[in-house]
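The following pair of complexes shares a single chain, chain A, combined with chain B in the former and chain C in the latter.
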Partner chain A sequence: MLRYTARRLLGAIPTLLVIVTLAFVLLHAAPGGPFDAGKRILPEIQKSIEAKYHLDEPLWRQYLRYLGDLARGDLGPSFQYRGTSVNEIIAQGLPVDATIGVTAIALALAIGGAVGVNAALRRGTRWDYGTMAFAVAGISTPVFVVAPLLILTFAVTLHWLPAGDWVGGSPSHLLLPAIALALPYTAYIARLMRGSTIEVLNSAFIRTARAKGLPLRLIVWRHALRPTLTPLVSFLGPAIAGLLTGSIVVESVFGLPGIGRHFITAALNRDYTLVIGITVLYGGLIILFNLLADLCYAWIDPRVRLR
Partner chain B sequence: MTACRARALWPSLACLIAGCGSVDPSTTAPGGLPAPSISVGTALAVEQNLSRTLDDTPRSLDPHLSTDNPGQRVLDDLFEGLTSVDIGGKPAPGVASSWESSADGKTWVFHLRPDARWSNGAPLTAGDFVYSLRRVVNPKTGAEYAQGLAAIDNALAIASGQKPIDALGVEALDEHTLRVRLSGPTPYLLDLLSQQYAYPVYQPAVTRYGDDWVRPEHIVCNGPFVLRENVISSRITLEKNSNYWDAAHVRLQRVVYYILADRSTQVSRFMAGDVDWTDSFPSNQRPWLKSVLGEQVVNSPYFGTYMLGMNFALPPFKDNQPLRQSLVLALDREPMARYMRLGIYQPAYTLVPPLPGYEQPLPDWARLSDQARHALARSLYAQAGYSERHPLRVNLESSRQDPDARHYYEAVAASWHSVLGADVHVYEREFKVLLQELQLHKLLLFHYAWIGDYPDPYTFMQIFYTGNGNNHDSYSNPSFDRLIDAAGQEPDNVRRYRLFEQAERVLDDDAAYIPLYFYATRHLVKPYLHGWQSNVMDRNLSRYMYLLEHQQR
Partner chain C sequence: MSGAYGFWGQAVRRLRSQRMAMASGVLLALIMLACLLLPLLSPYDYFTPHFELVSRGPMLAGGHILGTDPLGRDLLVRVMWGCRISLAVGLAASLVSVLIGVSWGATAGYVGGTTDALMMRAVDILYSVPFVPFVIVLTVLFGSDLWLIFLAIGAVSWLDIARIVRGETLSLKQREFIEAARVSGVRGAGMIARHIVPNLIGIVIIYATLAIPTVILFEAFLSFLGLGVQSPLASLGSLVADGTSEMQSHPHLLIVPAAFLAPSSTASTTWVTGCATRSTRGTADMSAPPPLRIRGLSVGYPSDHGPIQAVREVDLDVAAGEFLGIVGESGSGKTQLLLSILGLSAPRAELCGSIRYREQELIKLEVAALNQVRGNRISMVFQDPMTALNPYLRVGRQITEVLQVHRNVSIREAERRAIEMLESVRIPDAARRLRQYPHELSGGMRQRVMIAMALIAEPEILLADEPSTALDVTVQAQILSLFQELRARTGTAIVLVTHDLGVIAEVADRVAVMYAGRIMEQAPVHELFAHPRHPYTEALQQSIPRIDAPRSTRLASIGGTPPNPAALPAGCAFAPRCIYRLPICDSVAPPLLEIRPEHWKACHHEGELGKLRGEAA
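Presenting the complex of A and B:
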């Protein structure tokens, strides 16, 4: 297991290198530079800005310089926010996204899991159809519809919760964005859990347990639950990575200082370092959570052997 | 040459976020919301804490590096130049309490307030201004708006690396007297000196901390407020500066700027009562906002013009005045401004937006009836060699900056089609791509918008001057240039304005651009927020604002 983990982590390095290289090449190939503006800048001043950010060097040297800095954990200066480093922007934004993401995933797992298993146990009943209809609606309603509706209801009309802002992650500010973000995941998890629970309940070892006369509650908790988690884990790995790096829409609607929004504005403003920095972070997180998911398989399903 | 804000061409890239989120509350927000009822008293509120919004994160809080509108808003509260602006946006004494100019208008002497101080208590002297203005034009600083100081003697030569920085025409006669030499008479100098690139910066902080000097823990400023907190993409918190010379008249204790790139979010935060003043709102929401919020929706003329540019160096527009003019004439600006821009924006027939003292030279064609104008446009179109069987085929290139601009351009293309039979296709490009194409002079027909930097026609006129870096048209007419040169040497402002009016007529005769409409500001303002006025430069300093007692139900 330990050797497996170490090998996977080492294997991540070339993957990240490919990601960095692709991001670097694609960004520099895109037309327009970070300091092109609606207004023309005097050539001498343009030159001095480019020299400051090493944009006057040949591309290969910029690339090597970037890799060298990256190896030291320095993601470079942001171009669009002059005087601010990419590390700083990520350090400021990641905790926000992580807090909302973890809250949303916890909500989604608790509610989605319970609803899904219940629906499976009461298969074919009104409860099953009702919750699954709700789940389909949840999956298909985009966040940019849900989030403004939540604000309209709970902030503008009822004045129960704030309409946005981030006050160090206070629960009242956290709730609406977390719910908006959690809704599609809750729905997806509910459907996933329902499907896999039905499948597991039909398998031979559950029949054996029933034949032994065990009560249903015990069968579900002791025998059925663990194997039903397999599809959930493969879904959660990338999902958590995605949640941690932020939802652009939720951040935008609630005015939260996460990093998801930067990703878009940085790309549009040709803020090379910020885009690559966030890409590397995103890539790293996906690799990490996929690895965690694989490790979880081994724990859930004794037939899986990691070598 | 003078500077124009980076948002000159496109108000804000961040609009794209709104676009990508597709948060279009005209579909998600029901129009019949109950209006929050607010009762306003007459006494000052006990807590003088103001919440405002910004459309985007300021790119920098270094006044000399700042180029965007959000930056200017915050810097207007943190710093103060030799001059400032009054509540109506007009130049007013700032750090300098008085000044006089020579008869030829080329030498100005400013008398600084002896009680002017930095936020750390250190005295603010003429030497600070010499250092600061030199810093702006020093190419090493990398100040994108160094051209803003072009009026000062040798500024451009220094910024182009041809002269040493101490050649700048700024000199401290003593601790509290500053002499400024200009390259020509500049009637708008007092407006220029109130801009962020003419703000003083505190040399010891800049030297000691380098780029980091603008962090809340290091920054030293001289305006009515000091910086307490700066969270990128979230909020900027300011507190009253007790060392400000006019601190006795500043009533706000704290100002929080919330950065909300999504304009719909600004609306919801305003409706929820979290903010007192918004920087903007989505223009397509105006009808229902007006019905719900009434007087709290404020629109006023803004010093900006939306137009279309045409490429003078390439066919079909090269040497084809009739074609260009037929496109200018074929548009029905009144109904388009009313329906497509929801009545917020005024139709434009000229280049320079309404400005006190300046008479917009309304072209003759603007007075024609629709039918007569269309007929004239059709005959010009035919004269240019186009017909129904050989229509003009060209792309109208724009950027995805403004979610509702696309509809407007579709209407423009449709008008050309129905009046002339021209086949114009609206083509949207990414902002940076469009910029690059513009600078390479590759585009034929393109979106072009300009926001003036200071209230003077010159800020608009310069873009059509031969060889100007922002002259994406490649337009050149010696008689236009001569008029602009003459205006540059004319100390009398009335005669200067007449020269600019003549120059506008030259542009109209040449059909140098296609005017569409003039900008307007878009704010939501709570009824209990007083101490501000709409003004053409849209500068609303927190310094003058105060909150009245109120109850919100």
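Presenting the complex of A and C:
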């Protein structure tokens, strides 16, 4: 298990390298630089700024310098927010995204799981059809439609909840963004859990359990639960990484101080270090959650051996 | 091209069975028609601002049914145009991703070897690349031209298609016509373009269709962030974004495009998944017998072609401690009979008649009461030990839980008994086996575990459904002798269901022969083998290979096929295949009658059999 984890982490290095290189090449191939976008600066001052950030060096040297810093965990200084490092920006924004993300996933698991299993147990009833209709609608309605509609309904019209802002993560401010982010996941998990519950309940080993005269509670909790969870685990790894996409929209609609909102302005302002830094962070998170999902998988299913 | 036809043929058939998908398809067609025609028919213009009509609500501004936008333009026309652009992006970007994916996948699959390994490794790495930030960076840096959006989205969404195409190509490569083309000198790119790609069209179209809604939503996502389609053009995403900024004062600007986007994307997802998924049908279950009196038992299932009678008016007793064999071809209803006894028939099954275990009527017993019988007084061993054990739980837990539920013993006591039980079914090193998972045991070992599990609560009756057919021949023999030995020691009655008359001859005391859901003949084993009275029994017996037969003797097989359970003949179900058939057999089903003590048969033919043997010799 430890060796497997270590090997996977080592294997992530080339992937991260590809991500850094792609981002680096793309940014430097683009027209414009961080300090020349229509700002009137004396040429000498511009020179000295560029020298300070090593932008006057040949590209390959800048690239190697960046990799060297990255290896030490230093993502460099931000160009648009002078005097602030990329590490600091991420350290400020990540807790916001993490709070909303964790709340959203928790909501999605609790509601989606309960609703999906319930639909499976009442297959063919109105409840089941209702759940599936909700699931399809929820999966295909994008976050950027749900989020403004939530604000319009609960903040603008009903005045029940605040329409945005962070306020140190107060629960009432957290609720709407988390719901908006959670909705597609809730719908997906409901559909997934319904499918896998039906499949497991039809399997031969559940029939054996029934033939042994076990009470329903034991059949569900001991025999059916774990096999039902395996598809969920393999969905959750990539899904948690995918939350980041949703959080860009949610941050911009609700005006939250997360990482995503920096990303677009950073790209617009050619803030090379910030763009690459955030991209590397996202890439790292995707790799990390995929690894966690595989580890969970092996933990749940005794037939899976990690080699 | 036959592959493509097969795909669409199946897709159409699946769609017909799914009304939701069908309705969604119709809705989508209407939306597409509307977004093509409405802008042409509407008197209002897409671009020209009308500052006297700014942001009017629906119905408030003359002919503007859905109101106007902040520049006084008709919102309906704007939304329809936005829809057109979204559609165009969806189609074009999917096309880009298909082009990249197909050429990548087909090349990797066709060339194979190191090239394939390297190309697929690249795909694996790209799966971990956070492509959303990359597309954002691309559109920010290089402007938001429409063609760039096509390219950018297409360039990040080809991975799935490449994988699928590679897999298909690998299997195509083995097929004869590709071999033939290779022999006639077609090579490399020519082979890929002319022979491989055309055969991939079916699967590629399916996956490209699946990709379109995703791509449209992705474009909408970009436009919502202001990075997609730029003003004065609009896509659904940018319309929602504009509406969001105005929602305090003019909520209709948000509601109209949102109300349009949400259902149309829901409809497209439903339609697309309707095309791509198979409809799932539940599989049939079965039921079983106990000192046990079964009277007039029928098990039926509803089906598209009317009800199917799996078991028909079966009368059967199981005496204490006896070894009863039930034989029949597959589909004769023997497994359904076993399953119905423990109430394990499929939920759709309709049972009538009576199954009495001692004082209890098992049919219609509540689950809680039935659970007092299941695994405790009557237990069951299933056919396939590979699937019948829970792969997620240790073997020990699966055995001990039976005792804990039915005998209320401590876990330590249960484990001690489980070890004893495993030893008695000849599993060596039983204490260690308890800690293992089913997949760590061989097939024969797993079936022994199943048997140990079934016997640990010392049931009065053990139902065994072809317990040895999934195992190899030597293990089969061991399992059968194990049954005999266990019965002798514990006095448990055993009901063994099998299609193998030879097995029954060796172990059973009494035999019931089933055909098309009915019992045809029932007799003590020696009587049945020495003097079969039913033509079907005779035919079965003749089809057992005999080691002492002269080598010139041909093995007899029963002519014809078993009847379709949905369309059983009015008379005797075996009549069409019977060489002793009488005129009455076609119209009247013979009742099961006791012709000698303990010997029952359901046949109109009264005379001696033996015709079959004469012919075969």
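Please note the rule applied: the second predicted complex is superposed on the first by the 296 of 307 C-alpha atoms of A that agree within 3 Å, B and C clash if a C-alpha of one lies under 4 Å from a C-alpha of the other, contacts with A are read in each partner's own complex, and residues count from 1 in each chain.
Convention: a residue touches a chain if its C-beta (ideal position, glycine included) is under 8 Å from a C-beta of that chain, and two chains touch if they have at least 3 such contacts.
What you see is a predicted model; the values in this text were computed from it and never measured.
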Partner chain(s) touched by A:Ile286 [first = chain B, second = chain C, both, neither]: second
Which of chain B and chain C A:Phe205 touches, first, second, both or neither: second
First, second, both or neither for A:Leu268, with chain B first and chain C second: both
First (chain B), second (chain C), both or neither touched by A:Val156: both
Touching partner for A:Arg122 - first (chain B), second (chain C), both, neither: neither
Partner chain(s) touched by A:His54 [first = chain B, second = chain C, both, neither]: neither
First, second, both or neither for A:Ile300, with chain B first and chain C second: second
Touching partner for A:Val145 - first (chain B), second (chain C), both, neither: both
First (chain B), second (chain C), both or neither touched by A:Ser252: both
Chain A positions touched by chain B in one structure and by chain C in the second: 30-31, 142, 144-145, 148-149, 151-152, 156, 248-249, 252-253, 264, 268
Chain B - residues contacting chain A, complex: 3-10, 13-14, 16-18, 20-23, 25, 28-30, 33-34, 57, 59-60, 62, 65, 67, 139-147, 156, 159-161, 211-212, 214, 231-235, 258-262, 264-265, 268-269, 271-274, 430-433, 435-437, 439, 469-470
Chain C residues touching chain A - in the complex, by the definition given at the top: 125-126, 128-130, 132-134, 136-138, 140-142, 213, 217, 220-221, 224-227, 237, 240-241, 243-244, 247-248, 251, 254-255, 258, 261-263, 265-266, 268-270, 273, 280, 282-283, 285, 342, 344, 367-368, 370-376, 379-380, 382, 384, 387-394, 397, 401-402, 405-406, 437, 439, 450, 453
In the complex with chain C, residue positions of chain A that touch it: 12, 14-15, 18-19, 22-23, 26-27, 30-31, 136-137, 139-142, 144-145, 148-149, 151-152, 156, 198, 202-216, 218, 222-223, 226-227, 241, 244-245, 248-249, 252-253, 263-264, 267-268, 275, 278-279, 282-283, 286-287, 290, 300-303
Interface residues, chain A side, partner chain B - complex: 30-33, 35-45, 47-49, 52, 80-84, 89, 92-93, 142, 144-145, 147-149, 151-152, 155-157, 159, 162-166, 248-249, 252-258, 261-262, 264-265, 268-270
